[in-house]
Structures are given as C-alpha cells and as structure tokens.
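The structure's right below; bear with me while I get my questions together.
Chain lettering (A, B, C and D) follows the sequence in which the chains are written, and residue indices restart at 1 in each chain.
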Amino acid sequence: MKNSGKLVSFLVPIISILLAFVIGCIIMAVLGANPFVALESLWIGAFGSLRNVGTTLARSTPLIFTSLCACFAYRCGVFNLGGEGQFLMGSIVCCYIATQSGIEGLPAILLCLVGGAVAGGLWSLISGLLKVYRGQNEMIITIMLNYVATLFMGVVYTDWLRDGSVPQTQAVPEATQLSRLFGLRVTSAFVIALAVGLLVYYFLFYTSKGFQLRAVGLNMTAAEFNGFAVKKYILMSFIVSGAIAGLGGSAELLGTQFRLINGFGNGYGFDGVAMALIGQLHPLATIVVAIFFAALRVGSTTMQAATGVPTSVSDIIQALVIVFTVAGLAMVKLPGFKAFLGRLTERRKEAA
Amino acid sequence: MEFVMNIILSSVRMATPLIFLALAELYSQRAGLVHIGLEGLASIGSLVGFLVSLITGSPMLGVLAGAAVGILVNMIFAYATVTLCAEQIVYGMAINIFAPALAAFIYRVYFGAGSELVQVGLMNTLSSSLGITSDNFLVRLLLDQTPMVYLAYGLVIFTVIYFNRTKSGLNYKAVGEYPKAAATLGINVIGVKYAACVICGALAGIGGAYLTTCYANTYVDGNVAGRGFIALAAVIFGRWSGAGVLLACLFFGFCDALQIRLQVGSFGVPYQFFQMIPYIATVVVLAGIGMKKAGPKSSGKPYLKEER
Amino acid sequence: ACGGSGTDTSGTDTSSGETGEDSGDSSYRVAMICDSSISDGGWGMSCYNAMVDAAAERGWATEVSDSIAQSAYYDTIISYCDLGYDLIYAPGNQYTDAVLQAAEEFPDVAFALLNGGEDTPAKAVNGNVTSLLPNAQQVGWIAGALAGLMTKSGTVAFIGAMELDTTLGKYNGFKEAAAYVGQQEGKTVSTLDVVYSGDFSAADKGIEFAKAMIDQGADVFFGDASAVDSGARQAIDEANAASGSVSIYDIAQPSDLLGQNECIIGSQVTDNASLVGLCMEAVEDGSFGGEVIYGTLQNGALSAGALSDLVPADVQEKYQGYLDQMVDGSFMQ
Amino acid sequence: MDELLRMEHVSKRFGDFYANRDINLSVRKGEVHTLLGENGAGKSTLMNVLIGLYQPTEGKIFLNGKEVRIDSPAQAVKLGIGMVHQHFMLVEAMTVFENIILGDRNTKGIFIDKEARKKEILDLAERYGLDVELDRPITEIAVGAQQRVEILKTLYRGAELLILDEPTAALTDIEVEGLFQIIHKLTEEGKSVIFISHKMREVLQISDRITILRTGEVITTLDRSETDGQELANLMIGRELAPSHYGKVEEPGDPVIQMRSVDYHKESKHAGLSGVSLTVGRGEIVGIAGVDGNGQSQLAQVVTGVLTPDGGEVDMKGSKVAQFTPNGFILENVSHIPEDRNKMGLIGNMSVKDNIVLKATDSPEFSSAKGYFLKKKAIRDYALKMQEKYDIRCTSVEQETRNLSGGNQQKVILARELEGSPDLLVAVHPTRGLDIGATRFVHDTMIEARDKGCGVLLISADFDEILEVSDRIVVMFEGQIMGVFSGKNPPIEEISLAMAGK
C-alpha cells in the first residue's frame, strides 16, 4: 500500500502531462497545424541539441530558485506568494553592487549573490513581521509587496541606474558575469540552484531544526506547546525563502539577463508556487518539475516559430498540466479513490 | 473643490470593477473557498464580454456572456476543490494561469494576426439614456453611470441583507464556518459550495466584462491588471462583510484615482512611486488595523464528507 | 485563421541549423518578435503591418511571435535563426541585447532593430545588425505643430507608456513645436508634463490620464503608448460627446489612423514599411549590415497623415507651411 | 412497548476496514438505549450512519416498521432523528440563537423572524429546563452551556429519536444530573434516546437497555435490570478487568512548583485566574476539580509556560520563574498532557515515531553535530521500543497519528511525556473520551510516575477520576481556588458545593 501510494504520486503528474498534451494536440489539429510536427519541434526546441538543453536548463534556473522558495516557506506553513518580489529585490541589489561598486570578478560575484540573498530575505521579512506581530494574512501582503517591488525595479531601470535610451540598467560587467557551462547558455547559476535544492532537502529532512520547522508547518499550536519557538521559525522561513528567491534574482541577473529591464522576472513567483506544489513540496521533485516547465517553455518557442501555433497554446498546455496534476493528486487522496485502489489490488491478489 | 469632485467621480469609476470582484471573493470565502484565481476569471470574462458585445452590439449581452463564461471556468475550480478536495490556493493559481491563456488564445483565433484595433460601443449611462447633460457634480455622480454601477451597489445592499437577515444567508455562512456542523443540520454543504462557485464565477466574469463593456472600449491581454488580487485584499480589509468590502473597494478606487491625479500634477518624482500608492496603502492599512476577526473558519480547508 | 498569417512553413526542415541562403528555399523569410500584442491598435500593430506590407511588395514570407516575455526574447530569435529565417525584425530598443547575442551566434542572419541605438550596429561583431531610427524630434514636431495650431485653451498634453528616450524625444519635439507654432499664431501654448502609464497595454490608465488632463484644460493630445493611447481617445470622445461638440482633439501615430476615433484630427505617419523594405533590399543584394538607417521627413520616412474636416482649410494651409519648413530645415530657426 | 427503530444487518466499511459489521439494533419508543463499547468499537460510526452522515455499505433501517433510506442529515431531520455529536457541531462565530435556527426548514419565509423564533426557543427551553442565553456567541459560553445548546438544537427540530454521543465527556456531575432529568422528561413524552458513554456509573443509572459493541460487531443487548457494571465491562473488553484501587499519599515531598497569588486576565470568569496559590510537591497527585471553563485551561498553560501571568509569582523547584516559555518549562523537566490532544499535543500529519521524539530531536541521543544530523535509526529504534512499552496500537510507527484512535493518540503523548521521569506532570483531561481499558492504563501510568517522585497536577472534569487518583483535591471556580481537600476520604458534599461556587 505504501509503495503503491508512492507510485501513484509519481504516476499522476505523468498522466496529467499526457492528458494536457492530448488536449493541446486536439487544439492544434483544429487550428490546422499538424500536432506531430508541433510536438516534434517542441521536443527539438527543448532537448534537440546540446545547445537547446543548455537553454532549457538556463531557463529552468530562476524557476528552481522561486519554487524552492515556495517549497521552503510552505513546509513551515507560510503561504509566501511573494517569491517574485523577493526575486526582484535580490536582483536590484545585485545590480546595484555589480554596476556601482566598482568591484569586478569573483569578489563582486560573491558580494552580489550574498547581497541579493540578504535583500530578498529582508524584503520577505517585512511580510513575516506583519504576519507574526500584526496577524496579517501573508498571501495578501506578499502579493502587494510584489507590485511594490516591480514598480521599484521600474524606478531603478528608468531612473536611478538607467543606461542609455531604453529604460534598462547598465549591464553587469563581463568579469562579474557567471561563467557558462561547456559554452552553453546554462551557467554556474544552475549549479548554485541545484546546490540550494540539495541543501534545502538536507535541512528539511536530515536536521533537527528542519524537523521542527516542518512540525511548526503542520500544527503550529502543538509545536508551540512542545516548546518550539514558533514565531522564530515563521520569521526564519520568511527570511530563508526570501533569501533563496533573492539569490535566484542575483543569479539570473549575473548569469542570463545581465541587466534589469521591463518584464524581468515577471511571473516567476507564481510559477514557483505552482511547481513546488506539483512537486508536492519535495525540494528535489520540485527541481525536476521546474526543469520540465522550462523545457515546455523553451520548446514552445520553437514550436510557435516552426508551426505558427500561437504560444498561448503552449500556455494552455502548461496550465492544463497544473490543472490536471493538482486535481489528480487531490483525487488519489480521496477515501473513495483509495478504496477503489484497494479493491483493485485485492482483486489482483485474488487473481494471483 | 473641482479637484476633489473629480477624484470622487474617478474613485467611483475605478471602484466598480473591484466591487464585483470583491463580492465574488466574498461569496466564495463565505462558503469556505479561498479563491485567488479571480484575476483569471475576470480576464476570460473580459474577453468574452468584449466579443459578445462586439458581435451582438449589445453590451448587456456581453456582460451576461461574461458571467456565463465566468461560471463555466469556475466550475473547473468547483469540481477540483469541492468534489476532489484539491488545495484551493493552488487551484486558484492554476485558474490564473489557464484562463488568461485561454482568453489570449481565443482572441488570436477569432481575429487572426495583425488585425486592426477593434473597438466596441460601451454601455450607455443612465443620464445619456435619459438625455440629461449636466455639469452638476451630483448629477454626474448619481446619474452619469452605467446600469452596472447601480447593479454593483445594489448587490452590496443585497449581500448585506442576505448575510444578516435571511435564513439562507445564515446557512450559507455556516458552511464557511463549520461545514460538518452545517451538514448535520441538513444543510447541503456541497450544494452551497457549488452555488458559491456559480455566484463567484458570475460576479468575477461580470467584473471582467465590465472592463470591456463599460470602461475601456478595447480588449488587451492583461487588462485586469491585478484587480483580482486587490479584490482579495478588499475582502480581508472589509472584514468579510458586504459593507466593509464596499468601503475597501472605494478606498482602493480612491488610491488609484489619487495616484493618477498626482502623476498628472507631477512633482518630478518617478511615476512608479505614485503607482505604488494603492499597494502600499493596503499593506499599511492592514497592518494598522491588525487582525482581530479572522475570516470564515473553514476557509481554505477541503470538506471531505466522511472524514472527522 | 490562426497566428500563422497564412504562411505555410510546415515543409521546413527544422533540424537544419544553417541559414536561409542555402536552405534550398528560393523565397526569403522575415520574422518579427514583439513583446506587446500585434493587435494593440498602436505600436505593435503598425510595426507588424509595416513588415507585412514590405514583405508583400518583395514577395517575402513573414512570421511573428508576439506578447513574448522578456526572458524569451533570445530564445525566440534563436528559434527563427535555427529555422533558417533571413531577417529578424525586432521593433524596439529593448531587444538590443538579445539581438546582439543572436547576431554573434548567427553571422549569416540579418537583424533589423527598429528604434535601435546609433552605436548598436557597430557593436555587432559580425556586422549583421542594422538600426532603423525614425527621428523622434521630428515626430514630435509634426504633431506639435498641428497641436499648436489647433489648441484653443493653450494647453496640450502628451501621454507616454515607458520612459524611453524616443518617447522623451517625441515629447520634447511636441512641446517645443507646439509652443513655437502657438507663439507664431499669437498664443501661449504650454504642454502638461509627460505622464507614463508604465505599461503599453493599460487602456484604462489612458482613460484616466486623459480625463485628468482634460480636467486640467488640455484640449489637444498626442501620445506614444499604443493601447494606452486608444484609451485616451476613448475618454476624449466621451468628453466631446458630453459637451455636445468635438472640441478636444487627438493626434495619432505612427500610422494614419484618421477615422478610427472621432477626436483624431490627424496623424503623424512613420513609414516603417519603407525602412524595413530597405533592409530586405539589402539582404537580397547581399549588402546588409552595419548601418543606421534614419527615418526623417527629408527621406520621406516621416510624414503627416491626412487631416480631418475639423481642421479648417486655412489652418491646413498653415500646417503645410510648417511641414515644408521642417523639411527644408528652417523650422524654429 | 412499540419498536421505533430497527437496524438490520448494517455494515459500514472504510476502505477495507469494517467499522460496523452486520449490526442489528432495535430501539423502543420511550426507552433510553445505551451503546457501550471500547474506543473504536464503532458506536459513533453506527450513529453517523443512522443520521445520514455516512452511507452504510450494507443493511436496512426501519422506522416505525417502515423501511427508510437516510441519505442525508436533512432526511434524518425530516424523519425525526436528531443527534448530539461527540464533537460539538456548533458554529463558533455565531450566537446561540443563530446556531439553533441554522438549517431550519419548519418555518416559511425568507427572512429570519427573530422575535417569533426566540419565543419558540425559550418556550421549549423552559419546558425542558434548559438554561440558555440566546444572544451570546458560542465562544463565550462554557462547555456545559454548549451541550445544552446542542440538545436544544435537536429538540427544536422536533426529534422523536435523540442520539447523544458521549454527551457527558465534558460535563460535571451536577451538569450530568441536569442532563439526565432532561432525558427522563423526553422519555416520559414517548421520545427515545440512544445514549453513548464510557462511564459505567452513568450507563447503569440512565439506561433501560444496553447494547454492547466490540470491534464493530454487536455482542449482545441486555436489560438494565439483569446486569451489573462488572459484567458490562467484561463483555465490552472481552476479558476480566479487575476493579482498581489506588493508595493515597499523605506526605508529599519537596515542592516542585509553587504558585503565589497568580493572576491572569483576572476580570474574565471563564478564562482567567485570580489570586491562585497552589503547591504541588514531589510524589503527589493534586487534582483540580471544577466545572470546565473556570480557569483550568489557563492554570495548566501558566504552569507549562504557554501563558505568562499578569501578576504573582511562580517558583519552580525553589527558584523563581523569570520567563514563561514552553521551552523553559520543558528544560525544567515539566511534562504536559494538553487538554486537546489533536490540536495541542500531536502533529497529526506526522508519524507516531516523529511524535514520540518530537521534543527530543535536539538531544545527542537522536542527533549529532548540534542537531545538524538526525540519527534516523536511533529514532526509529526508540519509537519501536516505546510502541511496545506503551502498547500503542498502530499499523507501524510510520503511521500518521491523526489516524489513530483517541486512546492510542493519548498513549503516544504518554510515551513522549512520561519517559525520562519528569519532575512535574501537568495532565489535562487525560482520559477524556477514552474507554475503560485505556483510562485504566493512563491512571496506572500516572500513579507509577507519582511513585517515582514526580509531582502531578491533574485537571479533569470527571469527578470520579479526580476522586480516584488524587492525593489532594483543589476546587476551582471562576478563576479562584475555592478550597483544598484531602484525597483520602474526601468530603464529597462539600467539594460539590465548592464546585458550584458555594
């Protein structure tokens, strides 16, 4: 039973993905495009060559950071929807350090990454303080702060750190940019993301503090009665999750985008939440999910270019993956479904 | 004085779509369903409202179609969260990703690429239907509004009465507070939750359709522009009551109106700072009033029939 | 009726990483990327139409990806390069980084950057990037002169979306031309401070801005904000309807939009099609690259569109006079 | 007597587990029919089937001789079946009045006719001697009053058959007496009552007939007149249960905890403490008697560091407590069996294993490098040992505690709190809702801890429990201490009066 549960939680996303693609193909066929050509170009775009794999991994990097951010916070029972704002604040501070401090190279990179993480953590801490000391709903606060951060980034790229005729900041100096891996688009930011994922995994499941943090997330009252400093854990989860997102913002800036510009990081926060939940709040599964979505996005660009199918079809497929997976995972937890499964296995046993 | 009156008019204008969306959220949360997917519902409502009013030439039909499609899409949410007991927050998010993509897709398929700017006729205001033209502030405030504005305020009054005076409203609230208790008293919990989703979908769809049938005469992707989230804040801010929600929406409308006017009056401050006003105001006000009364107790929690 | 604009590209061998020259396909292909929608009734639409018009004239096939996120600029360009497109058309300075990077990786593909920087072509190591640069000041002049002639209140307004240098250039041109022409006509014309919606698609903000500016006395509007402009026009039409006469005007850009709204009295027209056409021509004869093609009144890329009946005949004549001055360089001298 | 209800061959399955199997039950008009059984015997499940909350897997239900299908509580209400649930079904955010009229179908009209409804309710309340304050929010009234609201709620719907699932678990003796009077009145009117309780004394007092359930099956149905408590208990658990008798300690050791004039939210009668002075010594059990909701919860939370008192002093093992945090008290070796095991005691979504080591993962026994490396094997081994020692019945130590029965959940808490000899044990309603066997186990464990020198502060609404195990009895009323009595030959009359504030 235990194993069949694990199998199911693995199968559901797979089936959901297939279902989403079937619907996507029907839509494409109705539009007059050949779905097989479309799917082929989707695959080629995402994984067709080493370079494309590199691009996919590069695109997945920021998503991994924001989904780990969500994953960490949710494990402590904190609905941090502010991954995007924290990501942006991290990248803003990073941009400031990279372009204004006059330092370049590795020291600058380190400073940038730390600065970004600190900025993300502090930005997130605002929501944390309001939750813990003013009893505020963190979802609303973090969403509002996302808007504030986005607008603040606007000030930075249109005014304060503007470079040239377009509202965008100066580019990160070449020496401060993260190095590419094997000459591909993917940079060491991806390695950092993986490392953070492993760290989060280790922390949550192999340390005493991580254990206590999860306990707080599952039952705050009981955690308090059992002597855990609940407020401290909640604040910590805000800070750490914000720092992860902020670090992601820095890494994205130093690794891929090099400058802040309108649309930087747009939607990554919510994407991260969805991916963390599809990954069932398991840090490592979350990474896989993020890579999958990145592949879908990169591939869909090629698909659109090759077949003229609008990119919104790929958006719909992505949304359907989420719609089906979440519903599917809920469904298999229903007692009725469990009983059904139970009967199935029973019958198989009888047959054997 | 002129300035103040203009701001009031403008606040009312900006608050109206928020009222629809916030009421949608209110009805959802009162039945224990936290719905963060209003943004998505509104965006599809906005598109369908636009298309139908374009095709039929009747903005009223557009609004109805917006409501219908809102309900339709929200049935996905209903099935997943009520019947399958999926996590509501995630599902709201899924709707937020799915519905706008669908809207963009329909628009593209309908108009093809590179079409001209399509504009529709907007709903007439009462004063223009009556043929009244006046510069008088009160006339403008009270009469120079589309039927949808009266509908919005009518719905607020209805909501207040419904939840405070009627038996059905009391039962409805019980579902959001303690569904199991409601069930033991013979209240059809699942039914109420589905009804809530119908109401929520309809109101959110109307809120979206309002944007293209009464406000702007064009459709652009992303025209809901965060109103769904502001509405969510308005419900919390308004303490889950009809009147409170109305005040919250007017407050947000006011912040937005003020922001625009301040920008036009420009003080050499980067415009983004003005645009932050509504959001920062939300955070500051929420932080200021603290959290004495929380929302419906069962909000966000799934209701499994045979679970303890 | 989908986004494919009727081009059949299904026969393309997607695995070929080579460029169009030797892909065995005799016709040339151009692809456009755009971060806003191409049916926004403004910038996106006119840039797209420019490409389609130019392509039609030369028998090129076209393709477009619109509403793409900033993180996908590069990926999208690369996809088209991979598919063997000959020319990538990127209408906006914000694509500069992505274009330069792709240009480096695909030396055989041509890249046209509308509103690109003057120094951008020089930065491309393979010399395969061209900037198309309509003269923003002249754009502002064309509208500003008409505004200066037509304003009764002496207050005119400008709405922007993003704080782009080109937008600022248009605003400044508009402001100085309006003031100059007003002075010539014996009135004082001032322009309200520029406002930015922060977003090209926020039609509702356009409405609110226009209403607020009308309240401040503005009676001629010009803008550089695509869908936001259409919102502003809607508000102006409403104000005119309320007062019973068309007394508040709007000047459109960048194509001739006369007739789209009642309040539009004229348009500033940028012939992006001819600019794109120049690029195509260069691609065809193998001379593409490395230059900045300016769009000016003098070379015909910039012009004034038709005027509405709301502009009296004598004013139309005066306006023509100012336009002539702009062409021969004596305007505001 | 006529038969009102008959259930034939009713089974209810959850997954592949039979909670009820082939149940036959008959209830006569005007009788009190008691269901007796251990935790998890299937009593509540059977009743939930009867009121349509659960759908039976098999079986038929007859009412007045006619077969009926009850597929929703609404249907049950229509048929005149009402139930007071084990866990109160009251909407806290609403007033008493609103709770009573919820889901009302008897009256016409859209709006609530407050005056008319209130009058009806008050008439009804008077008829049965139920004392309720209609306009108070549920959160502000005591548990006993909530119980009355529940009963009134069902009566208001016109029930012919009233099901009371463990209604006395949270009531004091006086309140239980009041409840029994109501029950008598109902049966006099020809209404029937199905009564569920774990307290033998009550069962013997109120029942006409008794049906015994064990592991989901009916063992037998007996007439009250032809049986006694011992027989019932033996039938219920399926073996002999020797009567218990615990010795009382008269000379306690050094004080473990001393409270001097402790105040907490003094003005609140139901949720405050006012000038409480109390000492618990080593090796004694101090029992706090009193009607639930007279400050007992607050008392427990002050002496476990959850709440910080507004005034007064608390000494822990002779030194003054400066800071009130749960962790501080845990470090002082204080153990706590909280009043709500699910909300306060256990992390329901964590395994039995994790809940057992919940407080101790920082210790070198279960982690190294200051907590940065959990010793998973050591944890599992320890949990297995505890499972055996405390007889925790679960499918494995990896099972989530929310799926355990109340008694087993309580054992998980005992295993966590009592292992490693605490200096002070604060036990709040430790046997609430537990069956005889489990209750005995908890009592034995507490006595054992006492005998090892642990000071025990026992708070319970169950007067019998207080009398049975306390060495000293302290009575609380409205946040104040009304008197201290010896646990040996306690003056029951006097204590009862004190509990009523006299």
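By definition in this document, contacts are C-beta pairs under 8 Å (C-beta built on N, C-alpha and C of every residue); 3 or more make two chains touch, one makes a residue touch a chain.
Per UniProt, the chains are A, B = ABC transporter permease; D = ABC transporter ATP-binding protein.
What you see is a predicted model; the values in this text were computed from it and never measured.
Undergrad: Quick check: more C-beta contact pairs at A-C or at B-D?
TA: Contact tally favours A-C.
Undergrad: When the centre of a chain is set as the mean of its C-alpha atoms, what distance in Å lies between chain B and chain C?
TA: Chain centroid spacing, chain B to chain C, equals 35 Å.
Undergrad: If you average the CA atoms of chain C and of chain D, how far apart do the two points sit, in angstrom?
TA: Comparing mean C-alpha positions, chain D is 75 Å from chain C.
Undergrad: Distance between chain B and chain D based on Cα centroids, please, to the nearest Å.
TA: One centre to the other, that is 45 Å.
Undergrad: For chain A, what residues touch not just one other chain but two or more?
TA: Those would be 31, 151, 154, 158-159, 310, 312, 335.
Undergrad: So which stretches of chain B touch two or more other chains?
TA: Expected reply: 104, 108-109, 272, 275, 306.
Undergrad: Could you tell me which residues belong to chain C and also touch two or more other chains?
TA: Chain C, residues with two or more chain partners: 2-5, 67, 198.
Undergrad: Dump the list of chain pairs that touch, please.
TA: Chain pairs that touch: A-B, A-C, A-D, B-C, B-D.
Undergrad: Once bound in the complex, which stretches of chain D touch chain A?
TA: Chain D residues touching chain A: 13-16, 304, 306, 325-327, 329-330, 336, 338, 343-350, 354, 358-359, 361-362, 366-367, 371-374, 398.
Undergrad: Which residues of chain A touch chain D in their complex?
TA: Where chain A meets chain D, its residues are 2, 206-209, 211-212, 214-215, 218-219, 221-229, 335, 338-339, 342-343, 346.
Undergrad: Can you list the residues on chain B that touch chain D in the complex?
TA: The touching residues are 165-168, 170-171, 173-174, 177-178, 180-188, 296-297, 305-306, 308.
Undergrad: Considering the complex alone, what residue numbers of chain A touch chain B?
TA: So the residues of chain A in touch with chain B come to 27, 31, 79, 81, 130, 134-137, 139-141, 143-145, 147-148, 151-152, 154-155, 158-159, 270, 273-274, 277, 310, 312-313, 315-316, 318-320, 322-323, 326-327, 329-331, 333-335.
Undergrad: Please give the residue numbers of chain A that touch chain C in the complex, ascending.
TA: On the chain A side, the touching residues are 31-34, 37, 40-41, 44-45, 48-49, 55, 59, 62, 151, 154, 158-159, 164-168, 171, 256-259, 261-264, 266-267, 297-298, 301-302, 304-312.
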